[in-house]
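Okay, got some structures for you below.
Heads up, the next two complexes both have chain A, just with different partners, chain B and then chain C.
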Partner chain A sequence: MSTESPLVVLPGEAIDPSLIPTHKKKPLRLGPGLRHIPPSEIVPTVAGQLVVDHRKTSMWIEYNGGRYIPSQGDLIIGQIARSATDFYYVSLSPYTPNATLPHLAFESATKKTRPQLASGDLVYARVSLANRHMDPELECVNSSTGKSDGLGPLKDGMVFDVSLGFARRLLMAKSREEGKVEVLEALGEEGLAFETAVGRNGKVWVGSESVKAVVVVGRALRETDERGLGVEAQRKLVKKLVREMR
Partner chain B sequence: MPREAEPSANEKAFLLKALQDEQIRLDGREFDQYRPLELTFGDEYGVANVSLGKTKILAKASAEVTVPFADRPLDGIFTIATELSPMAAPHFEVNRPTETEVLLSRLLEKTVRRSGALDTESLCLVAGQKCWSVRVDVHVLSHDGNLTDAACFAVVAALRHFRKPDTSMENGVLTVYTPAEREPVPLGWLHSPFCVTWSFFGDEGETALLDADWMEEQVRVASVTISLNRHGEICQIAKLGGVPVEAVALLQCTSVALTKVKEFSTFLDGKLAEDAKRRDKGGFMAELRAENDRVVG
Partner chain C sequence: MTTAAPEASLNALPRADGSAKYSYAGYTVTASVNGPIEAQRRDEHAYEAHVDVIIRPSAGVGGTRERHLESILQSSLSQIILVKNFPRSVIQIVLQIESTPENAYVDTKLVQASLNLPIIPALFQTAVLALLSATVPMKATATSTVVAVVSEDGSKKIVADPSPKDIGEATSLHVLAFTSHDELLLSESEGDFTVKEWDDVYERAHQICCQTASKQAGIDMMLDDDSSGPNMRHFLRSALETKVASDLYWK
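Right, the complex of A and B next:
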């Protein structure tokens, strides 16, 4: 649940105390972009829209940054840079330190049956460890259940770059209402058959039997992202692109 | 020095498959279609801002009076300086020329300087003692492929837009007038050369594309840059290594290049005319009209 009127804050701005949700028992939880300065100050550290959730007594800032900063539990699409003795070096974004992905962090992998990935291959992984002082670590399997949940190497298809904010909206559970992103659903309704994997680091992988379908999906995503289209405009764009394709 | 980002194996394979099997480019362009070309001039004379899709180049022309070279006392000096800074892409370093940078400045040199587009004799002021030194600085602001074509267009646009201060010579005394004293004059321009770069794909270079963006450049197997003006006079053809290409294909590329160069020429002429109209204050009579704004002070 977000407040009706979007409140945009700048770093260091004071937040109106009446906006902070209070609850007798539940402690206030701060999400990304906010910092608590004891005893009672809450200060934004980035510029963006302040979002308050009264049901969960939490508040955070929605912002569209340029550089991806790994955080634990994020799903990302990485590119294998090279292979070391026990793990792969995976690049999450260009010109940043590589993350490590252990050779055996795949579903039912042993030394003999593990997937052999070459430099340049793409993987859909989850960030298992991320903090400021260490290189991030990834895994392609859920460590508690041992299942892959759709993670692992991505074969064929094409990956497109999108902005970080757009990737987050695509990954939202209710992307139609909250993220205002309907592009993928609309493309599916037009009859295109494709699958996608969205990486929080600003990459979307699209795979399909038909090359044209992938190109259309890529163009739709790119246009929606670059021009910031609303839901209606997204539908029109999808119709136009599908018509051009045929 | 950070290494250049490599596209993934999936992307390379997909691009080649789309080009060879389905004959489509990722952004839906035709094989011989350029990305949208935009050109804006600055308020100062000689500043041209070109963007070809996401590739953005800024060219600035400037002139100063200096001593001519000893072996060419009747010619002025004309230099083109290109700079690829980390602003364009993180793997570029200042003062450490990469292969891209060296090739870019060589191509610009051959296209604009060696072809005699700018008449250097007109830059001479006093034989052997004073001459104009015209310098064009090319700054690449954003690199998304095809720097050569965009940079050449920016250089030509900047030089044609530029005005050098007026001079007069009396009794051995050279007077250089400021823009306030006398209107600056355009450079002595002979012809406008433009570069057209073709990229080849496939085992024998059978698929040819115009204006490759960054991703297509990473996957191409050969490229040829043809520089010519709208009269069909070729300044240079550079194919620096890569897979051998059929000679007939190369001839076809050259004739399509001529069509594109004519389009560039008309586009540039149009933009220059538009800019001249914007600056034209209507002459003396327009300044004396009663409807003009009052000047306070």
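Right, the complex of A and C next:
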């Protein structure tokens, strides 16, 4: 990102028109935290840092906290609340309406070979429909290729709650360079064998053969998030936790 | 007249979606915000979110006065929250009053039946801070203040952020709130006053709530012009800048 000081915006504040990226052909893309009031006003709706990407002609607000609001394409970890004739009802966060996950939205699922999930089971899914007037819909299969792309039921392991901003950092394509999270790499270098799945709704699933490893990975993630550790501190924390485990 | 600057801390409660603790002029209020969450049938609205304000007094259980304060805050807060974005849901704001300034001159128990106007700015400001901390989408931010008209030697004087003693002697008391677009959001008055007095009150409150939050000017005004009360907008901004900086420490 640019080196200039971060630009903090509050809801309703005017954005300097010179900051809005323009391109001859590509349309402007607005990310979370911004709203477009026709014809030409762009206003922030949350407090955060305004980020502008001139190459992709996009802008959004970077912030942390609050409740997860589903949006299309997000990867989430949900808990099955109950099963109906054609759907599973999946809880994404407490006290919000359940999302629906069709029984046949799994890889190579047919009426006879679909996964049988009980209430309380976990799924890693993608939000296929999010709309303010309807409950969100999920899928565990890529509808164009029919492949699961790593989505589906999560067996064993344990789920840890993290803040939404931390989940976003873990999900970044270059979480090490851009998100400044190295806990998972550091834990791997220490010789722990584990797998993770990160949900945009602030949940991280950790699975491993050894229960100790699951607990250590979970604690490392939680502490990194809660105490706001930098890269160096993350490595130190991992060293300490691994030493305590052994 | 109080000299202390307003203080706020955000995200103090770990389990709420957002929370804020605010103290100013002897009032301390803690707020938690949860939402958007699923609405109960009776609160459900097909096209917009229901803003649920709950006020808990520092001692005892809430009564009619609290319900009245809740209705005042509810109607003004739903103006600045983007309620249309979350149909059939609830945004729940719980305000716990922790302490109120004591009046050494008047026995507070005697005036319990009256409406407690001077606490509204503290409640309102805490609610706005907690909403911002919960990243509830909003149209604008808002600031609020209380102004008293006190008669002194036959002439009327306007006192911003009056002390309990000033309030006891005031001929009229006014609470005003403004959005960050300088629009009047809330106006509640009590006592006898003329249109001219109200205009003066409006001018004074507008000055306190709507001074521009530019960084340089803000500091200067805080230093040389403290007779006009604190610069609420500057305060709100600096509280949020601290929060954003700590949230995005990794940037």
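Please note the rule applied: the second predicted complex is superposed on the first by the 242 of 246 C-alpha atoms of A that agree within 3 Å, B and C clash if a C-alpha of one lies under 4 Å from a C-alpha of the other, contacts with A are read in each partner's own complex, and residues count from 1 in each chain.
By our rule, a residue touches a chain if its C-beta (ideal position, glycine included) is under 8 Å from a C-beta of that chain, and two chains touch if they have at least 3 such contacts.
Quantities reported herein were computed from a predicted structural model and do not represent experimental measurements.
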item	value
Contacts of A:Glu244 with chain B and chain C, given as first, second, both or neither	first
Touched chain A residues, chain B compared with chain C	C
First (chain B), second (chain C), both or neither touched by A:Tyr95	both
Touching partner for A:Ala233 - first (chain B), second (chain C), both, neither	neither
First, second, both or neither for A:Arg132, with chain B first and chain C second	second
Contacts of A:Val46 with chain B and chain C, given as first, second, both or neither	second
First, second, both or neither for A:Arg169, with chain B first and chain C second	second
First, second, both or neither for A:Pro6, with chain B first and chain C second	second
Common interface positions of chain A, toward chain B and toward chain C	95
Interfacial residue positions of chain C with respect to chain A in the complex	11, 17-18, 34-38, 80, 82, 85-89, 132-141, 179-181, 236-237, 240-241, 243-251
Chain B to chain A touching residues, read off their complex	2, 5-6, 8-15, 17-18, 21-22, 24, 26-28, 90-91
Complex interface listing, chain A residues touching chain B	79, 94-95, 118, 120-122, 154-159, 205, 211-212, 214-215, 218-219, 244
Touching residues (chain side chain A, partner chain C) in the complex	1, 6, 8, 10-13, 33, 35, 43, 45-49, 62-67, 69, 95-97, 132-133, 165, 169, 179-181, 228, 230
